[in-house]
Amino acid sequence: GRYGDFGGRFVPETLMTPLAEIEQAHKEAMNDPEFIEEYHYLLKEYSGRPTTITFAGNVTNKLGGAKIYLKREDLNHTGAHKINNAIGQVLLAKRMGKTKVIAETGAGQHGVATATVAAKFGMECKVFMGEEDVRRQELNVFRMQLLGAEVIPVTSGNKTLKDATNEAMRYWVQHCSDHFYIIGSVVGPHPYPYIVREFQRVIGDEAREQFYNIEGSLPTKVVACVGGGSNAIGMFAAFLPDEVELVGAEAAGKGVETDLHAATITKGTRGVLHGSLTYLLQDEYGQIIEPYSISAGLDYPGIGPEHAHLASTGRVKYESVTDQEALNALELLAREEGILAAIESAHALSTAFSHAKKMNQDESILVCLSGRGDKDVHTLMAHYKEVGKA
Amino acid sequence: GRYGDFGGRFVPETLMTPLAEIEQAHKEAMNDPEFIEEYHYLLKEYSGRPTTITFAGNVTNKLGGAKIYLKREDLNHTGAHKINNAIGQVLLAKRMGKTKVIAETGAGQHGVATATVAAKFGMECKVFMGEEDVRRQELNVFRMQLLGAEVIPVTSGNKTLKDATNEAMRYWVQHCSDHFYIIGSVVGPHPYPYIVREFQRVIGDEAREQFYNIEGSLPTKVVACVGGGSNAIGMFAAFLPDEVELVGAEAAGKGVETDLHAATITKGTRGVLHGSLTYLLQDEYGQIIEPYSISAGLDYPGIGPEHAHLASTGRVKYESVTDQEALNALELLAREEGILAAIESAHALSTAFSHAKKMNQDESILVCLSGRGDKDVHTLMAHYKEVGKA
Amino acid sequence: MTLFKQSVNSQLFIPFITAGDPHSDVTVDLAIALQDAGASAIELGIPYSDPVADGPVIQKASSRALKNGMNIIEAMKLVPKMRKKGLNIPIILFTYYNPVLQLNQESFFALLRENTIDGLLIPDIPFEESEELRQKCKEQSINFISLVAPTSSSRIKMIAEAAEGFIYCVSSLGVTGVRKNFDESITSFLKEVKSYSSVPVVVGFGVSSREQVELLSNICDGVVVGSALVREIERLQTTLMDKEGRQQAIEDFQQFAKTFVLVNEMK
Amino acid sequence: MTLFKQSVNSQLFIPFITAGDPHSDVTVDLAIALQDAGASAIELGIPYSDPVADGPVIQKASSRALKNGMNIIEAMKLVPKMRKKGLNIPIILFTYYNPVLQLNQESFFALLRENTIDGLLIPDIPFEESEELRQKCKEQSINFISLVAPTSSSRIKMIAEAAEGFIYCVSSLGVTGVRKNFDESITSFLKEVKSYSSVPVVVGFGVSSREQVELLSNICDGVVVGSALVREIERLQTTLMDKEGRQQAIEDFQQFAKTFVLVNEMK
């Protein structure tokens, strides 16, 4: 349950046995060809995998450096990589005989993915969502309800993702006998970071093969955005053994020199949150600091423990990207390639574009375009109105 | 340029030569392996085709009749089948040396698809959109602008799709030398209905093969919704030579017995609109009647001329589906399968569900799920509020 | 019967007005005023819900007329009323194809004859689609007016040779409407049309000033003026609807119309 | 040092209060009041931003205390103040793991010692992750309190055998909070714990009435009462913050606390 110094299982005693059961069930499942087959069947026939990789030729030409390829997780059913993991975990829940699932959500993407698979598997579904996010993400709340899920507004703390996660854990503690908790990122107590990673590694496995088929080599660099970090781990997993430079992009919000950011690795310190030891945004007394990012999906005070480990060993470099840099990248991709990226993914794009400029034309960057930006159009409109561009 | 009695090229003389040029260019393009290759490359690497087909097992069990399969056009880049055609036409525009494209749009889906491909091909893009629709579809307007397109609010007539089309044609008449008009459905003067059909037949070609690979036979029935009718023609084209029952679902709005519907085939009469002879909603003096449907994409007073022909020969049956029936089908699919369909596509679902119930379990229905419902969440919310369900 | 002699010694002035804008009675009076101003013929526009060949001015006139309940049959019935008031110049029915299509062909032609209509102009039916109608017009001695555009290129010969009454040349690419300038290339375009045409070559779409008419007089046989006149009617609409003011407004309109008639006309 | 004798003849009453709620001075007075009411020891809660093991009542107390600027160091410093006012029962520091982790381990234990703290309870550090801390506690004569839950099943033996001070049994699945009923299965759960434990077996999470305490007295050695008391503090908070009313409010609180102390106690 550890990634170097990080990870672990820091939870109330009540959850220790349920977590051990999940760990055991997952281990058995991953060795069960029928389980694997059903998982891949759903990825293909339900979510539409494999997702393609798209050569961003116009941006490449414009920047004049490395070739930029996009792994198109935005083309998944429900619009982001989140569904890969939700499918995997709901199958695990079914295998364990659970009939009810719970999930936490910030902007609503993981909530929608969970509500989706719960509908598909006829399971009761409760999604915990900060009251503030319920208000801001009205449309996603309605989507979840349409899918038959119950959205539970969380009024504790700052009423956002961190608090929704707290509340989901509290609910799970009380109902772990018949509920499965579908965690949405590579965070939480062991075995969750491992489970989510394994259900997301399809991103990197596919992309590695696709890229090789096109270019006859591996990419020079691979870039992905990091909030909790599930799309990034899913992408990186396939390239960890290779001589490929891996770069994670975290949210610098208004700037890492300000108080308004979510740059957990750049500015965080070691601590325990939501069951694992990792880097956190916290004060000297260990109180968690509410992060900020224009991207609701990166707006998390912690980071997956494996990322903390990969950062501390130096295998993956983590860079931070401000709101404005992300928006510039989003706009460039929209204008040049006709692809509207999620603001989360735009952080990865921004990092990739900066690198590409300084690289040679025979080099290449593979970027994980983790989700589509349709969900962000409201946020973007508000932003452009604010800065007087619309 | 005729489908039986229907079709033709009823346009101002100014457009006759440009249309002939497009016809010629299209003919040459379709015989040019390089063109076909680029079209299919973009469908695959950019839009993520082939789209999968999903067995709707839960709905099938619930209804107890024919097996229901969904062709997942909702998984395309930009969320609907519209992109297939937009890619084809922008390639044609490029081939003809045009550097500017125009398009009409109602709810904004074709506008977004056109803005998307225009961005990808570095073309200037103007999208004509009724002022009323601009107001109602604020988010799509912004999406198009983000993609670099100019959205032109149309203030003539009822300020909706029909008027946007009129205005796009007027603009094109004045600027046909350097502008390519990307029409979004199988409507308009010849060769548009043919061009759009050929660029959409990938839907049916793929689905036919995929279905056969799964079931070892062809589906008993194939169902698609019909506004202008491009997804339906694209789907039907592959099955026309087969002994497969084809059913089109048009919008009955508040009911075909009321004035509020868009049931062009059920209630329309022959006439000329937007360049072709087809069935129209019109009064005795040939004035076009504004149609109504909760679905902005089916809210068109005409229908593709090939559909008019297929209806008159009886090869395809057209049935009408009310707003409420479509919403019920949408809700059922969301709850049972975790798939949020576009309201347009929900009309096809409703028809398919009605048929499935009366069919045997060894029969099957293939439905074209033409687009995803994310764009409709606002409309659905408003509806449920109105009927007191939310 | 042909509308005009094969060769005209004067510049033709063919005004366009929309039937029923602002009111059917007024339309009758406006027609008389146009004849008095020197019109060679009148294009009587049938209001239509989807006038794709028209610019905003005529679109709005169409909307106003439709709101007044105007339709293709009522519009035709205005012509005998004009005749009764002394109108003797040709009347050309300007209509989109769809309203025509909704009438049984026999009854449509019966209506044209009954109502002493001389010509038919359908902007959205190109040469290839109009075969049958043109034939029928010929049988019924109705002039089927053809349009030809700068983009017609290789089609110019075909269209011009078959033209009857007059041939309507689209001045530049586009829809009807007021324009300040004409494309330079119009001269060679009109020359080509003239070389094939045995009927007067008339220019329309965008003719809005006397200067334009004078300019065009050297290279064609006349002009159609639509939007400029309809805009004047729009401007005068309140007075035109007012019993006491109408006469003055009609006279104002007639004065305005005269600006498009060249003084050396010999009609 | 162990908190309590291995076998206690009276029922233990271990109240929980949050340091700094509603104010640090009041916390000191409340601790004295609890001792006077008959508390066997006090759990002093460190307010935390993300208290996942706590229900809404203690969450809110945490928020109030954090707003008052309370932190782990200031909280520990309250204990000597309590001692000065006569507190002689054991104090158990109840804190989530993260605040502890932010302190250098040496200085954390130095603080515990300096501030005469007797025990440590960390709800989010399970047995397997606590090895090092437990060892360190043993060296420093701090009782590391272990929790055991009905779901612990095969883990009960391991946890109970290693328990020090007392063993804290989670009454039912869940987080802290007031509950009306206990699960039936609690009897067998507690019996199993008792069979392995050499320290008092105490029940917590949801103990909120005297009836419950009486009921539990037959099957365990005492109770932890948290939310019920914290809710009372919340109710009294305005008066507690008022110089003139404070004494009365403290007495009211003490009276309320007494309801959880069995009369036949022989402490």
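When the chains are written out, they are named A, B, C and D in that same order, and each has its own residue count from 1.
Note that in this section contacts are C-beta pairs under 8 Å (C-beta built on N, C-alpha and C of every residue); 3 or more make two chains touch, one makes a residue touch a chain.
Please read all numbers here as calculations on a predicted model, not as lab measurements.
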item: Taking each chain's C-alpha mean as its centre, the one farthest from chain C; value: D
item: Intercentroid distance (Cα basis), chain D paired with chain B, Å; value: 66
item: Distance between chain centroids, defined by C-alpha means - chain B, chain C (Å); value: 38
item: Separation of mean Cα positions, chain B and chain A [Å, integer]; value: 34
item: Contact graph of the chains (line, ring, star, complete, other); value: line
item: Chain-to-chain touches, reported pairwise for every pair that qualifies; value: A-B, A-D, B-C
item: Chain B residues touching chain A - in the complex, by the definition given at the top; value: 44-46, 48, 51-55, 58, 72, 74-77, 79, 115-120, 122, 138-139, 142-143, 145-148, 331, 334-340, 374-375, 377-378, 380-381, 390
item: Residues on chain B engaged by chain C in the complex (per definition of touch); value: 8-18, 156-157, 162-163, 166, 169-170, 173-177, 269-275, 277, 280, 282, 284-288
item: Chain D residues within the chain A interface of the complex; value: 48-56, 59, 63, 66, 71-73, 96-102, 123-129, 146-155, 159, 170, 173-175
